[in-house]
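Labels for the chains are A, B, C and D, by order of writing; each one numbers its residues from 1.
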Amino acid sequence: MIEQLLIKGLSLGAIYAMIAIGFCLLWQTSRLVNFAEGEFVTIPAFLMVLFYSVLHFPYPLAILTAILLAALLLGLVMKKTLVDALITRGNTPFVVTTIALGFFVRDFLTVFATPEAMSFPSMVRQTPLHFAGAVFSSLDLWNILIAAVVIIGVSVFIRKSKPGKALQAVAQNREAAVIMGIDAQKMILLAFSINAVLVAFSAALAAPIYMVKYDMGNELGLKAFYAAIIGGFNQVRGALLGGLLVGLIETLTAAYISTQYKSGFVLLVLIVVILFKPEGLLGTEEQ
Amino acid sequence: MKALQVEGLKKSFHGFPALRGVDLYVNEGELFGLIGPNGSGKTTLFNCVTGVLRCSAGKVAFKGREITNSAPDAIYRMGIGRTFQLIELFPNMTVLENMLLAVQESQGSMLSRLFRIREDTNERRALELLDFLRISHVQDELAKNLSYGQQKLLDFGMVMMSKPDLILLDEPTCGVEIQMRQEMMDHIKELNKQGTTIIVIEHNMDVVMNLCTRMVALDSGEKIAEGSPQEIQSNQKVIDAYFGEEE
Amino acid sequence: MRETNPKIGPWTLLIGWALALLILLSPIVVFRSQYLLYLSSLTCIYMIVASGLNIILGYAGQISLAQAGFLGIGAYTYALLGPSVPFWVALPLAGLVCFVIGLGLGFPSLRVKTHFLAMVTLGFTVIVYLILVNEEKWTGGPFGVFNIVRPRIGTLAFASPSRYHIIVALVTFFLLLLAFWALNSQWGRAFKAIRENEGRAEMLGVNLRNYKLMAFAIGSAFAGVGGALIAPLFGYIDPTMFALGFSFQFLLMVVVGGTGRFEGPLLGAMIVALLPEFLRITEKFFPVIFALAAVLIMVFMPKGSVSAVDWVYKRLTGKEEPHLTK
Amino acid sequence: MRRLLPVGVLAAVAIILFWAVNGFAQQQDKVTIAVVIEQSGPGAAVGARWIRGVQMASDEINAAGGILGKKIDTFILDTKTEAPVAVAAMRKAIENKPFVVMGPIFSGSTIAVMGLLRDAGIPEFVGSESPNVGKQNIANNPNTFLGSLNVELSMQKVAKWITEVLKSKKIALIWSNDELGKSGREALKKLLEPQGVQFVTDIATELGQSSFTGELSRIKASGADTLFIYMHEEESGKLLPQVRELGLDKQMKVVGHDTLLTEDTLRLAKDAANGVMGHVGLSPVAAPLKPVADKYLAKYQELPDHNFYKSYISMSLIKAVVEQNKSFDQQKFREKLKNSTFCVKNYPGLLMDVHYDEKGDLDRESFLIKIENQKQVMAGILAPLHADWFESCKK
C-alpha cells in the first residue's frame, strides 16, 4: 500500500512543484506574490478544452497553442498591465489585486464559459501498472517524468543560459544587477513568461485528474503556495521539495491519519514552518 | 556619572565583524563627536546602542544603568533619542502627527492612550519646536510633501519632542544645503546649551571640529583615536584612515 | 498633488454622527419591503466586519484573511448559547471570544508579514471551517444550527425585520463610534505609524507587540459581533456560510471602499450588498463587474472609491474633504 | 486618466440609480410562480436543469390552457448557491406574492428560507432531499414539499436492496463531508448496522477534492465486499476512474445513490462508470419517464437528471392540486397535498403515482440502475415504501 501512496503522492507533488517553482521565480525577480496563481492554471486548462474539444485541433497542437497563448496572456499581458502598474507599491497591493483578479477569472468563466466540470484526455493512455504490490497508472509516471523534464529544463536554463544567469543575478541582488546593466524589467517579464509556461504544463497534467472547471485552480493554487512556503520561497529546489512534500503529506494523511482534517494537517505543517522557519526548509534568509 | 558607557562592544554580520570591541564614554552635557570613514561602524554603533541591532558582545550602559540589547522602544522611553542618516519619517502622516507620535508613547499607560490623554501641552511644545526649526508653516502637510531639508529638520524636531537626555545624531547636516546646514548646527549647539547630551556622527570634518568638544574616531570597527578636535586632527592614524579611504 | 489633512470641528462631528444614526435607522421608515430591510441589516453587518478588517489592514497595515473565520465563531457562539442566554449577554460574549482568539492570532503578525501573514490567517479560516464541519456534537456539523431565535429584551420581541433592524442599526452605530474613537485616539496614530514605518515607530517607543495584537483583537471582535448579529438574521447557519471565499470578499470590500479611510469599508459594504440590487439588469454579471472594478480600483485609485467622493467634494466646495480619522 | 476615472464612477452611479426599479407587475389573469434557484456558484449546473423542468412543464400546461384557465407566469431569482443570498432572494420573491415557490435545491439554502415561506403562507417545492426539511416542517401543517424521496426514505429502499439482493456483509462507505453525504451516511448506518452489516471503513471526502488515493488505499486494504459512494456528481466523476485504476471494481461491488449515476457523473467518469449500480429516484431510462426524457433530449441534446424531473413533476402536481381544489387558495393547497395520493391515470403530467405525508415528504416507486457502456440501464423497480397508499391508483 505504502509504495503506491508514495508514487501517487509524488505524481501529485510534481504538479504542485511546477506551479510552486513559478511562484518562486516571480518572488525572486519581482518580490511579488501572485494570489491568482491557481487561476493561472485554470486559464490554460480552459484554453486547451477550447482548442481540443470545441475547435477540434489535434491534441498536441491544442496543448501547444494553449501553452503559447498562456505565455502571451499570463506573461506579457500580465507584466505590461498589472505588474507594471503595481510593482512600485510593494507586495500587499499586488496580493490584494491578484485576489480580485482570481475572483474575476472564476466569475468570468462561470458566466461566459460554463459552470460545469469538463473532462480532458490525458497525454498518455491510462493503463494500470502493477509494481511490487502497488497499483498505479502510467499517468503517474508520466506526470513525474514531464515535471522532472520541465523542472530540469527550467533550472538548466536559469543556470546556463545568458538570460537565465541575468535572472539569477536579479534574484540575488536587484540593485547590483541593475548596476551591472541588467534590465530588471526584462527579467521580470521573463520570470512571468516562464511561470506561465510552467502553469500551462501543470494544467495539462492536472486536467485529467482535477477535471477542467472554473474553480479547479483554488485547490491547486493553494497547495502550490503551501509548497512554495514550506520548501522555501527563494529557492527553486526548495519549491520542488515543498511540492513533493505537500503531495506526500496529503496522500499519507488521508491514508493513515484523518480524512476529515486532511487539508487542516497540511496547513498545520505550513503554519509551523512559517512561524519557526519563515524562510522555508531549503530557503535562505532574506535581509 | 557617565551619560553613556560602552565597553568592548562587538557586532558582526554573518561572521564579518563590523565592531571589534569598542570602548567609549560620553559625559553628561557633552557634545560628543563620532567620526570615521564609510563602513567604519559608526551607524552600527548607534544601532547597537538604540537596540535596533543585538550586540554580539560587550556592555552598553546609560547613566550607569545597563541597557545592552533592551528593546528599541524601551530604550527610547528611557530617554535616548536619535535621528537618521537616511530619512525615516511617517510619510502619510502630517508633520504635527509625526511630532506628537514622537512623544505620546513616553507618557501615560497604553490604556490611558486609548482614552486620549489631552495633548494640548504636547501640541504647544510641538508648535514651539516647529517654530524654533522654522517649519511651523507646514504643520498640516503630509510629511512626504516636505523638502529634503525640511524633512531633516522634522526628524530632528521629533527627537527633541520627548526631551531625551541623550540624543544620537546620524549625519544631521548630510545632504542639507549650506545655509540650512549652518542653521542645523546652531540648533544642535542651542539644544546642547539647554543641557542635552549629544553624540554626532559626522563625515564633514569642519562641521564636527566646530561642533564637538571631544570625539572618537573609528576605523573598520575599531577605536583608533580619542580626544579634543585638535588632537584628533593631528592624529596620524586618523589622517591615514581618511587618506586611505580617498585612495 | 499636495494633500493636507484639515481638522473637523466638534459640532460638525456631532451633527455628522447624528446624521449617521438617522441614516442607519432610516430603512425602518423608508422601506416597506421586508426584502430591502433584510438587505439593509446585512449591509450594516458587512459594515461592522469590514470596518474591523480596516483597523487591521488599513490602519495597522497587517493583512488578515481571518474575518470569515471570526464571523463564523461569533455566529456559532451566539447560536449555540441559544435562547437560554439573553441577547445582550450573548452579543458581547461573541465579541469577547473573538477578541481573545484574535489576540492569539495576532502573534504570527509579530514574526511574519504580507503573504506569510495572509497564509497564516487563511489557514485559520480553513481550520475553523473544518472544525465547524467535523465536530458535529457541538456545532451540528454540516447540518448547521436551526431555528436561531431573534432577541427579545424584556417583554419586547425584535422578531420582525424592521424591529430587528433597529437592533442591528444601533449595534452598528455603537461599534462604528467605538472604532472612530479608538482610531482618533493615540492608538490610531500608533497603528498608522506601524503601517507607515514599523522600525521607526519602534524606535519612537511604540510597543509593536501590544499595538499589533490590539489591532488584531479589535478587528476580530468586530467580526465576532457581526457574526452574532448575522446568525439570528438568517435564523439558520451552517459552515459553508463561513468558508474562505467570504474572507476574500471582506478584503475586497475594504479595498474597493478605501483602505485606511474610516468611511472606506462602509462604502465598500454598501457597494457589495446594495449595488447588485440596483444593477438588476446586470444581476448575473455583477460578480464579474465587481471583481473587475476591484482590480481597476487597485490600479487606478489606490485610495479606493472614497477618493471619487473626495473628488466630488473638492469639485463642489473647492476644499479638500477632511478625513474622518486623524 | 486619473482625472477621468471619478467622472466615470459618477456616471455609473447615476445610471445605476436610474435603473433602480422595484417589483414585478402581477397580472390578474396569471398565476405567478417564483423560481428561487441556484443559477450561479457550485449549484449552477443542477439549478439550470431545475429551471428547464419548470419551463418545460409550464409551457406544456399553458399550451393546454393553463391552470383553471390561468396561464402560468414564472420569474427566476438566483441564490448564487449561498444561503444569505437565498434568504434575500426569497424575501424578494415573497413580495411579488407568488402562488407557489419552486426551489431551492441545496439543503442549506432550503432550510434557511423555509421559515420565511411558512410565515408568508406560500407553499414551496424544493429539490433538497434532506430529511431535515421534513423535520423542520410543522407537523400536520407542512408548507415545504420535497420533489423526490428524502435521503432517509431512499436509504430505506437502498438498505433493503443491499441486504436482500446484494447480500453485503462488509461495506466501505465513502461520502462527501457535507449535508448531502453526511445525512446519507447516517441514514445508511442507522438502517444497516442493526442488521449485522459491518462498515469496515467510513471515509469523509472534501468538496472539490480531486485525488482520492489515500482514501481508496484504505478501502482496498479494508477487505470490504461493497463500496458505497455517496458524493456529489463532480466528485463521483473524479472518483470512479481512480476506483477502477486501483482495481477496486474487480474487488468489490461499487454502488451508490442518485448522484453516482446521473449524466453529469457519467460525462466525467467515462467508461470507468461501467458496472456501477445504484438506486435512482427518477431516471430518464425508466419507462414512465422516458417520453419526457426524449423531449428533453431533442431540445437540449442531453439526458435530463433527477433535478429536472423533480421540478417538472412538481409543476404538474401544482396543476393537479389546484384543479382538485378548484381554487388558488394556498391554505387549501397545503391541506389537499397533505396525506394524499395522486395517480398518473388522472394526471398524466405526474408521470408516476405519488403520495405526500404530513411532513411534506413523498413516497413513490424508484429504480435500480446499472451503468453499461456509459449509459443508464434499468436493473429493477423498487416498490414504494407504503404500497397501501397506492391502492387507489391500481383500480
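Annotations for the structure displayed:
Note that a residue touches a chain if its C-beta (ideal position, glycine included) is under 8 Å from a C-beta of that chain, and two chains touch if they have at least 3 such contacts.
Every value quoted in this text rests on a predicted model; they were computed, and no experiment measured them.
Note on connectivity: the fewest chain-to-chain touch steps from chain B to chain D number 2.
Distance from chain A peaks, on a Cα-centroid basis, for B. Between chain B and chain C, the centres computed from C-alpha atoms are 42 Å apart.
With each centre defined as the average position of its C-alpha atoms, the distance from chain A to chain D rounds to 37 Å. The centroid of the Cα atoms in chain A and the matching centroid in chain B are 48 Å apart. The mean-CA centres of chain A and chain C are about 33 angstrom from one another, to the nearest whole unit. Among all residues of chain A, those that touch two or more other chains are 111, 260, 263. For chain B, no residue reaches two or more other chains under the stated contact definition.
Of all residues in chain D, those touching 2 or more other chains are 40, 177, 204, listed in ascending order. All chain pairs that count as touching, in label order, are A-C, A-D, B-C, C-D.
Touching chain C in their complex are the following residues of chain D: 1-2, 5-6, 9-10, 16-17, 19-22, 39-40, 78, 82-84, 87-88, 91-92, 94-95, 108, 111-112, 115, 130, 132, 136, 177-179, 181-183, 204. Chain contact summary for the complex, chain A toward chain C: residues 33, 35, 81-82, 85-86, 89-93, 95-97, 99-104, 107-108, 111, 225-226, 229, 260-261, 263-264, 267-268, 270-271, 274-275, 278. Residues 1, 4-5, 8-9, 12, 110-111, 115-117, 119, 126, 128, 135-137, 206, 209-211, 213, 215-216, 218-219, 250-256, 259-260, 262-263 of chain A touch chain D in their complex. Considering their complex, residues 50, 52, 71-73, 76-77, 82, 84, 88-94, 97, 100-102, 104-106, 110, 113-117, 119, 140-142, 145, 158, 162 of chain B touch chain C.
Taken together, the chain D residues at the contact with chain A in this complex read 40-42, 44-45, 177, 203-206, 208-215, 217-218, 220-221, 234, 237-238, 241, 244-247, 264, 267-268, 270.
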